[in-house]
Structures are given as structure tokens and as C-alpha cells.
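Note that chain A is present in both complexes that follow, paired respectively with chain B and with chain C.
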Partner chain A sequence: MTLRLRLTVLAASLCTLAHAAPALAQQEPGISEKTIRIGMFAPLSGSSMAYGFDPMNGAKMWYAKINKEGGIHGRQIELVIEDDRCNANDLVAAAKKLTEQDKVFLLNGGSCSAATVAAREYVEREKIPLVMLNASGDGALYPVSKYIYGAFSISQYAVGGSMVQFGAEALKAKKIGYINHDDAYGAWNLAAAKVQAKHLGDLPLNVQSVNSNINDVTAPMLRIRASNPDVLLLTTYARPAALIIKKAHELGFDKPIVLAVTGTADLRQLVENVGNKEAFKNVYIQDVLADVPGSPKLQWVYDMYKEAYPDLAARPGYPQPYMPYGLPSAMTVVNALKAAGPQPTREKVLEAMSTMKFDSGVMAGPIEFTPTDHAAQKAAIYLKFDGDKSTLVPGTFKSVWKYEP
Partner chain B sequence: MSGADIWLFLQQGILSGLVTGSVYALLAVAVVIIFKTTDVPNFAQGELFMVGAYVALFLVLVMGWAYWLVIPVTIAVVMVAAALFQRVVMERVIASRGVGVQLVIATLGLAYVLKGLVRTTGLGDTPRSLPPLASTSAIMIGDAVLTRLDLLIFAVAIIVMALLFAMFAWTRTGRAMRAVGMNARGAQRVGVNLSRVRMMVWGLSGLISAIAAVLITPKILITPDIAHVAILAFAAAIVGGMSSVPGAVLGGFIIGIAENLVGLFISTNAIVVAPFLAIMIVLIVRPQGILGGRLQVKKV
Partner chain C sequence: MKSRFDLMLLVVAAVVLAVLPMFVTGYVLYVVNLLMVFVVLALGMHLVIGETGQFALSHAAFYGIGIYTAGLLNNHFQLPFILSILAGSLLTACLGYMLGALALRMRDIYLALSTFAFGEAMQWVFMNWNSVTNGSNGFRIAPAQIFGYALTNDLRAYPFVIVITALMLWATVWISRSQLGSAFRAVRESDIAALAMGVDVNRVKRMAFTLSAAYAGLAGGLYTTFSSFVHPESLGFQTTILVLTMVVVGGIGSVRGAILGAIGFGLISELLRQALSFQEIIYGAILMGFMMFAPRGLFAERRKRVRITSTTHAPAPVVATRASGESA
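On to the complex of A and B.
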């Protein structure tokens, strides 16, 4: 072969390769020359809307900021949004629609653990990355799934462990009362609570599990009172939490009550539902933010919200307490897409996420993933809540629970 | 568990159970009167109750009305809605020779429509409370603690049930309803307008649901899912006897108390199982329910 022919063949090969790279990228669903399509879902209506509507707004405003700054490697983020109504069937249907019909590149959604866990099988079969919005979704995170990342607003396992740690360390409890749900979500946080209690020298834990639809909380509250604990830890959703705080007050239970982050979707409404500010004389609430909501440290988040949603921000009760939880989820997606380079593939994004660690500036602890643990957040802060104002209790409280296959 | 604890649990469990049981009893009566006159289990009973709660919430929260106005308007709205459903939907299903299954499906359709309607309002986005009709300050009865609101719920439920018994026993309308329940064709032959009576029964069921909603929702909070309370009303009706109004009342109290005693003496996990356990026991021992009269066998 002459030199000239060799050079021609080489040039032709290079040309082919140069064209092949974008062609490969184009084969990846949801990626075009100018856009990256992301599928989002959360409860945007119904009684669980408070868990997803504003966290999604938080994530959306982060994506909008990135787009304003030029996008990711020149591509704008395009969002396709579905309402999953906190319901497993609706959520799986939304994931399918976004993946198969809208051909999104990855999924960023889920605010309710049980519903989000239901998508695990589908996501793994389709090999599509799922970055949960603010669901803890421990059932999808343990055992680790290559395609699923989440727990930005704290893993449920970590919730139980952190609560027990706070009760023992900050409130000096020697005996603990614990009310959880009788479902998978309740079982996860209880598992870690037991580990933490053992870690603290076998602290006695009086556990009462209730159905989330319970109407009369007399029995669990009376059993708790009879066991005479130094503190009552509540890991229930908003409705049972309000009923229990109300009943505790009626029964004259005056020990500290610590409410997990899952029951704090709307604190103003919680106080209204309990109907008596006196009931909040000794109440603490768990939070997973870096500081008290609205503090100078977090002001930038609330300013950003006001700018993005001026009409919504003007309404009473907005932004809702869970709004900032959507940000670290969107930050993770953006960071992974950036790290995946100008020709992103789902595999590259997953690889980037598997060793990601960054400080979101929003959450109590760093967002940290390892190849063997895809739950981002393990630490929590606690606030003394008097029914009106929240005061930070110094320190962060971390669960010692570790997944054992 | 000490003797003092057992005594306290018994007192508190029974008294609190009577309060929630009185509301289950009211709703069970609503289920039974429809079942007796139309042979249809109304699977939208819980949703009528839920709608009553949201109508009252809307009037209090959005309209800012006082309770003396909210209560009659809520009752009227739910009553008219239920009666219209019977008149417009159920009667047409009957006219087109619809039988039990189609009628039951129609009630399921109503349940979905009502739930969907509430969700579109945005009021159901978070659990909410109606202002209680009485103070929630605690009072001691023996060693047990109840609130003034609890006593009011119990008293009103008893009064409403007593009025219903009086109506069935002594008024022309009540007798017509009973006649239709016993033998619809026979009642028609002596001049009872079946369609009108069925409409009135549905209206009455709406009225009871609205009263139950205004009474109990300040205590259990309102969400679009509170219709599940009707499952306990069905349990109460089955335990007491699906064809017996006094049985429904008794069943309501039994379910309310059973929930608490099972929760207190066995496990709080078992609270949800208690009503179904009661149903199973009754079905084995007395299939027609405690006050269900003689067991009737239909020959095919």
C-alpha cells in the first residue's frame, strides 16, 4: 500500500470514527445534540401531595438554573413530568410511560418509599437509571441495585437509628417509647432503631406498631404511657402523628415527643390538626437540612424559590418544608451528567454516581455514594418545636446501622 | 402488666371504644337501611361520609361560615346528592333490568367519582381537621380520660339513632321504608311508591353520613382516604346483622370496643384485624349476625 493510500484509509477511518461517536450518543434514549430528556414523577395531587409537589419544584428550579447557565456540555435539560399520586400502580405506570413513550434518558422521581420501591423491578429490567427525588426507598436501595440511587432526605433505616441516638444522647433517655407503622417502611426504621438501642447498651425500646389508617390511637398511646418511657419517638406519617400528639396531650403524657421527618410535611397544619399549642410544650422534630429552615445558611434556597415561583411563594404555607429536599437529587443528576462527559451514556452516568461525594449545602450531611451503598444521607438534625418556632438542638445525629447482605 | 394497668385498660378501652363505635354504628345504620330497602350494599357509603367532611371543611375554611350554618348545609348537600344518585343512576339501572351486580358496580362508580371530585378541589392535599364542636379538654370518668368532644359525639350519635328508631316505628315514611324492606312488591301493591321510598332511604343515608362526618372528623382528621371508616361500618353491620338496624348499632359498639381491647391486651398491630376477627367469629357462630333474626335459606 502506498503512503498516499495509507493516509487516505486512515483519514477515512478517522472520519468514520468521528461520525460514529455522535451516532452512538444519539442511540442512547433521551439524548439529542441539544437536549437531555429527564423523566420526573412525584405525587402532585391527592393527600400525599405535600411529599412531592414542592420537592419537585426544588429539583426543577435547580435544573432551570443549570439550563440558564448553558446546560450540561451544551445540552439543555428537558423535563417530562408525571403525577404518581404516591401510589405504586400509578408510579410504575409513570415510569413505564416516561421510559417507553417519552424515551427519557434517566428517571428522577419518587417521594413515597413504598410506591417508589415498586418500580425497582421495572427499572432494573429496563436498565434505566433512577435517581429518587425525596423518597428514602430503602427497599430499592438495599440490597444495592446498580440502577437506583436515593435517600437524599435520609434513609428510613437511618431515621430510626438517628432518632434513638438523639433520644439517648440529647434527651438523656434511659427507656424509649417508639411508635411506627406496621408496614415495610416502619420495619426499616425499627430495624435500625433496635441496632442503635443495642449499640447504646441495650436501651429498652417499647415498640407499638400501628396501621397508617388508624382512627383511634387510644390503645398504642395508653400502652406507651403504661411503659413509662423517658421519651416517645414517632416515625409515622402526618395523620397518625397528629392523632398521637393530640392523644398524648389528652392523656397527660408530658415526656418529650420526637417526630421523624416523615411526619413533618406541613408543620402549620400539624399544629392546626392537633388543635392545641399546649400539646407542643415538649416536642422535637427531626430534620435533614443543614440548618433550621429559613436560616441564613439556607436563605439562598428560599430566595431561589421566590425567584422561580413568585406566585407560589406568595401563598401561605409555601414553600413547604420538604421543598429543599428536591435539590440534592437534581444536583446528583447534574453532577453525574457532567462527569459522564460530552457523550453521556446511561452506563457512564451510573459509573459517575457510584463514587460521588459532594456537599449540597442543603442537607445535614454530605451526599455520599459508594459502589456498595446508594443511600445518600445518614445524618439528621433536631429542632425544638413549640408549635410556632423551631430552635436548633446542637449537633447532628447519625445512625450506626449498616446493611448486611 | 399490673392489675391496675388491666383495670385502667379496660375502662379506657371500653369508653373510647364506645365513642368511636357510636360513629361506626351510625354509618352501619346507613349501610343497613339501604341494604334492607334495595338489597344493595352501598360501597360508596364511606365516600358519602368523606364528602360530608369535605363539604363542611369547604364551608368552614373557604367560606368562613359558622357551624350553626355549616351543619344544616352540609347535611342538605350530602342528603340531596345521595338521593339524586338513587333517582338518576340507580333507578335507571333498575329500569334497564339491572340486577344486584350492576347496582353494586354503580355504587362503586359513585365512590370513585366522589373521591376524584374531592381530589380536584385541592382540599385533600394534606390531612386536615374541622374545628371540634366541643372543647377537647380532658375529663376523668373513673380512671379513664375522655374529652367533652367525646361525650358530645357519643350523645349526638345516640340521639340520632333514637330519632331514627322513632321515625321507623311511628312515622308513615318510616313504616313505608320498613314495608319496602320486608316485601317490596307487597308494599307497592298497597300503594307505596317504591322509587320515592328508595330515594328517601338514600337521602337518609346521606344525612346520617354527614352527621357522622361532622361529629368524628375533628377527632380522626380528614383525608380523601377516610372512606375506609365505612369498612368498619360494614363490619359492624355484618356482626350485628345486615338486616337489623338495632343490630347495626350493637355491631358498631362491638367493633369500636374490640379495636381498643385487642390493641390494649393483644397488640396494636392486631387493631386492624379485630373487626375481621369479629366478622369471622359471628359468621361461624351466627351467620345472620347477632340480631339478624332467623336464618333465611333461599331455595334456587
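On to the complex of A and C.
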């Protein structure tokens, strides 16, 4: 080979490499010159729809807003949506479809903790970022996974601890009754409740665990009444919560009842299911928003919803109480994509998220991640609820629970 | 004619399954793997309900035991997956044998309720035996190993899932055509008549429960080859009903029915996830359609209507009898 030929081949190779370099950068899945494809999933049908449908609408309206403002570094956000039915098998199928078939850049989804945890091994193997929608997903967050971020509404470990703190501090309880579910998140919030009770000088905690499909709560309520607690904390879903509040009233249990955020999907429906406003004489509800829903501080969220979904907003019961929870997860994705720069990679996005801190203007506390803790939200507020109106109890209440490997 | 058609169907299926990984994504292979697990479960259900006519509503429990046994052995002892899933299947076979004792004392709805109770009790165990199953937090399964080859994704697990499913299909047809299969069907038609024919009814019932449970345990083991997580919530009555639906809609008493029911309903369930809020209505409509227009299932044993003519010219009664040679 002559020198001239060698130089020509070398020059041609360099030219090829120079052209190939940007093309390699473009090969990050889900990223094109004009779009960033994001895979979303949540329960959009069935009995758990309330946990996913409107939070997803909240997230979608934030993405739409960003697109309207020109997108992220000139790229429009493109969403591919799947229904996970709040079921572990369906959620894994959805995550696999979005990752392998739709080739999304990252996953933003999951509204049910137990189901979302099922995706952990898969996203770790595929090295795809998963930003949970509004699942607390503690089982996927602890021990920390490089690829998973969540608990934008609140970590379940924080729920139980915060409830006990509120009962002891604001309601001066010396003995606490506690009803949780016998499922994953029931176990998580109970673990934190026990830690908090110990932290407060070994407060007695009478725990009754019930199945989420329970139809008759007489037995656990009789046991709770027999233990004569100063306050009853409920960390159940809405349906068992309605049964318990109703039964407590029937049994003449007049101590304060505090309902965790997981049971407050639709307060109007809760009152209807209990069937008697008198039962709400001494009821408090936990919330994780920055203020009472509908307050001036949060009005912008509801205005935005009305603009994005005028037909839905006109229907009674909409937006649903969990709708705003979808926003901080979408905000996190957008902020991380912005921070990752014009040539985003999954690694860059993960790196940006690992030290992210911002005030969403929606939630009670800041959205805050550290390399060793990927649970976003840990603060809760409490409202006195009379069956009609909610009044804010001053202060925020936090759990002292810390993950110990 | 029928077996020629079946053979052709098998050859086509084998060719499609062999070339499939070259053309589809990992997600499609995941769905196929899951469908194969449903096929094994449905074949097990077919043996006890379709062949022997015994009510058994405990399949989700045996399936769960298979998953946890194989998963635990794999996680803690890194056993080759063949050994771990065989262990799960052996354990469920033993439990199935014991559960079979119920079938000797009960029948129909009472048997159904007892097996249902067993299923519910097992789900409670999965949910609450925290030190072993990790309870309500769900159980994480490490990738299965076969001679050092880690089954880390659906593609790697696919050949093993297909081969084991094919083996189970072959075993089902073999059992069905064996003396035991004839004894199963004799018991299904009538305990007393079977006894009169010299069939050991007790042994046959026990065998049906044992084999059926072994199939479900093996299906659980298969699940661990491509899935990395199981939650006790997915091992409840709903799963049993899903498998029962597959067998009933496919056609009770037919191996083809059990397979196509499993594939059909597994696929419908996955495809309907795209239908968002209408999926339950569509699923309900499909089920109602089957019940209205094919109440005995798509591939149920056809019963030949035989006209028996009296020599005295009396009105000819129409009697339904089983077609000869139809066993599956």
C-alpha cells in the first residue's frame, strides 16, 4: 500500500468516526433529534384506578406545559402510556413493553407500592431509570437502587412515623390504637410507627392488621375499643377506612381518629360511604400537599387542570384528591432531563437526580434526593375534617425512621 | 384425521416458536414465557377437572409453592434450575397427594370448598411467613442458573421454558392415552361404575390430585426462570379462577382446549391492558359470548347423537353418548 493510499484510508476512517460519534450519542434509547420518549404506567382501570388515573393526568399536564414552552433543549416530550392494573405481573409486563418494544428513554410510573416493587430487578438489569408516579414504593427504594426514585407523595415509612408523631404531639395521646393493612405498605408504615412510638418513650401501640378486602370490621374495632386508646390511627385504604369510621361511631368510640393519606382518595365518597356526618366529629386526615386542597397556595394546580382537561374538570369528583401528586414526579423528570444537557444519557439523568432538591410548590415538604436516599417526600400535614370542610392543623410532622442496612 | 391435524398444528407451533426469538422483542418473549406457564397450569387443571372430574380450586397455592420453593433453593443454594424446579414440583406433588385424601371423602361443591380453603390458607402463609417468603414485601428471585449459564432475561429463559412446556404436553397426552387416563375418565363418568369395572377409585383420585399439583408446582418453577419477583397477592383465588376459565372456555376434557384456552385467555388479558378503561367490559363480553355460544368450551369433547331405533316402531329416543376414541 502506498503512503498516499494509507493516508487516504486513514482520512476516510477518521471522517467515518467523526460522523459516527454524534450518531452514537443519538443511539441512547428513546432520544431522537426532536423528541424524548417517556414510558408512563399506572392503574388506569379497575378498583385501584383512583390511585393512578388522575395523578397521571397531573403528570401529563406538566409534560404538556413543558412541550408548550418549547420542550427540553428543543426536544418535545413524547409519552407512551400503559395500564398496570395495580398488579405486579401486569406492571412488569408494562415496564418490559415500554422498555423493549417502545424503546423509551426512562420510565415514569407506578401508583401502587407492592406492584411497583416488582419492577425493581428488571429496571436494574436493564439499567433504565424508573421515576415512580405516586407510589411510595418503599420496597424498591430501600435499600437504595441507583435506578429508582419515588415516594413523591410520601414514603410509607414516613406515613406511620408521622401519624404517631401527630397523635402524640398534636392530640396528646399516651396510648395509641393503630389499624393497618396486612400487605406490603401496611408492614412498612407499621415499622416506622413502632420506631416513632419507641422514640417517644415507648408509647403503647395496639395494632390490628386487617385485609384490604375486609367487609366486617367489628372484631378489630372491638379489640381497639377494649384497649381504650387516646387516638386511633388508620393507615388503610378508603374502603376499610369508611367501614372503620362507621363502626367506631356505632360503637360509641369518640376518641380522635386520624386517617392516613392512603385512605383519602375521595373524601366526598368517604362521607357518603360512612353515611353519617356525625361520625366525623373527631376525625383528622393526613395530607401531603403544601396546604388544604383548593387553598390559594395550590389554586394554580387546579386552574392548570381545568385548562388541560375542561371536560373532566366539569364532572363531579374531579380532579380527584391525588391528582396533584403526579406533578412532582413529572417535575423531577423534567428537571433531570434539563440538567443532563442537550445530549442526555440515562447515566447523566440518574446523576442529576441523585442530588436533586427543589420545592415543587405542591407538596408539604421539598422534593429531596441524596445518593443514599431516593425517597422524595417525608413531611405531612394534618387537617381537621368535619365531613364537609377541612381546617389545617398548624405544623408539619415527620418520621424519625431511618433505613438501616 | 384429528391426530393428523394436531400433528400439523404442533409442527407449525414448533417452527413458529423456534424462529420467534429472531424477530421479536424481549417483551414478546416475556409474554410467550408467561403463556407457557399458563399452559402448564392449565394442563394440570385439565388432568384433575377435565380428565377425572374432580373439583380442585387450589392451583394458585401449588403454583405459589412451586415459585417459592424453586426461588428459595435458587437464591440460597444456587441450585441448577432443573433441580430447583423439580424440588418444587415434588413438594407440591406430596401436598397434592395429601389433598387428594379430601377427594376420597368429599365431592362436588364440598370438595371445591375444601380445596379453596387450602388455597386461601396457603396464600396466608405466603403473606405472613416473613422469615421465609418475605411476606407482604414480595419475594425477589435471583436469576436461575443452569450449569453456570444465568437466565438473566426472557430470551435466555425462553428455550428452557419451551422445552419443559413441550415435555409437559407430551406427558399429558401420554397419561391421557395410558391406562391411568382411562381410569381417570372412568372415575369422571361414575365412581360406582368405575369401581364395578375394577378401577381403584381411591388410588386414581389421589393420582389425579398428585399429578395436577406437580404440574402447578412445575409451572411455578418455570415462572422463576424468567421472572424476578413474586407477590403473594398474585397467588390468590383470582389466579385459580383464571386457570379454571382457561380450561372451561377451552373445553373441559380436551388437551387442545386447555392449551388454546391458556394461550387465548393469557393473550386476551395482556392485549386488553391496551384497552384502558374498556378492558373489563370487553373481557366480560368475551366470557359471556363463550358461555352463550360455546357453553361446553371451544374444544370440548364432542358427543355423538345416536339414534336408537326400536324394532317395535316406537318413537325413537335420542340418546347422547361419548364418541368412541375421544379422550382428549
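Quick note on the criterion: the second predicted complex is superposed on the first by the 384 of 405 C-alpha atoms of A that agree within 3 Å, B and C clash if a C-alpha of one lies under 4 Å from a C-alpha of the other, contacts with A are read in each partner's own complex, and residues count from 1 in each chain.
Rule of thumb we're sticking to: a residue touches a chain if its C-beta (ideal position, glycine included) is under 8 Å from a C-beta of that chain, and two chains touch if they have at least 3 such contacts.
Note that the structure is predicted; figures quoted are calculated from it, not measured.
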**Request:** After aligning the two structures on chain A, examine chain B and chain C and state clash or fit.
**Result:** clash
**Prompt:** Can A:89 be said to touch chain B (first), chain C (second), both, or neither?
**Reply:** second
**Prompt:** Which partner does A:242 reach: the first (chain B), the second (chain C), both, or neither?
**Reply:** first
**Request:** For A:101, select first, second, both or neither according to whether it touches chain B, chain C, the two together, or no partner.
**Result:** second
**Prompt:** Which partner does A:250 reach: the first (chain B), the second (chain C), both, or neither?
**Reply:** first
**Message:** A:215 in the overlay: touching chain B, chain C, both, or neither? Say first, second, both or neither.
**Reply:** first
**Request:** Pick one for A:386: touches chain B only (first), chain C only (second), both, or neither.
**Result:** neither
**Prompt:** So, does A:269 touch the first partner chain B, the second partner chain C, both, or neither?
**Reply:** first
**chain B versus chain C as contact partner of A:114, first or second or both or neither** = second
**Message:** Just to be sure I read the superposition right, which of the two partners does A:373 touch: chain B = first, chain C = second, or both, or neither?
**Reply:** neither
**Footprint overlap on chain A, comparing chain B with chain C** = 45-46, 49, 182
**Asked** What residues on chain A touch chain B, complex-wise?
**Response** 45-47, 49-50, 53, 182, 208-211, 213-216, 218-220, 222-223, 226, 238-239, 242-243, 246, 250-252, 265-266, 269, 272-273, 275-276
**Complete:** Per the touch rule above, chain A residues touching chain C in the complex are 44-46, 49, 82-85, 87-90, 92-94, 96-97, 99-101, 114-115, 117-122, 125, 139, 182-184, 186-188
**Complete:** Within the complex, chain A is touched by chain B residues 1, 5, 8-9, 12-13, 16-17, 20, 119, 124-129, 131-132, 136, 138, 145, 147, 216, 218, 220-221, 223-225, 228-229, 232, 256, 259-260, 262-264, 267-269, 271-272
**Request:** Report the residues of chain C in contact with chain A in the complex, numbered from low to high.
**Result:** 25-28, 30-31, 34, 127-128, 135-138, 140-141, 152-154, 227-231, 233-234, 270, 273-274, 276-277, 279-280
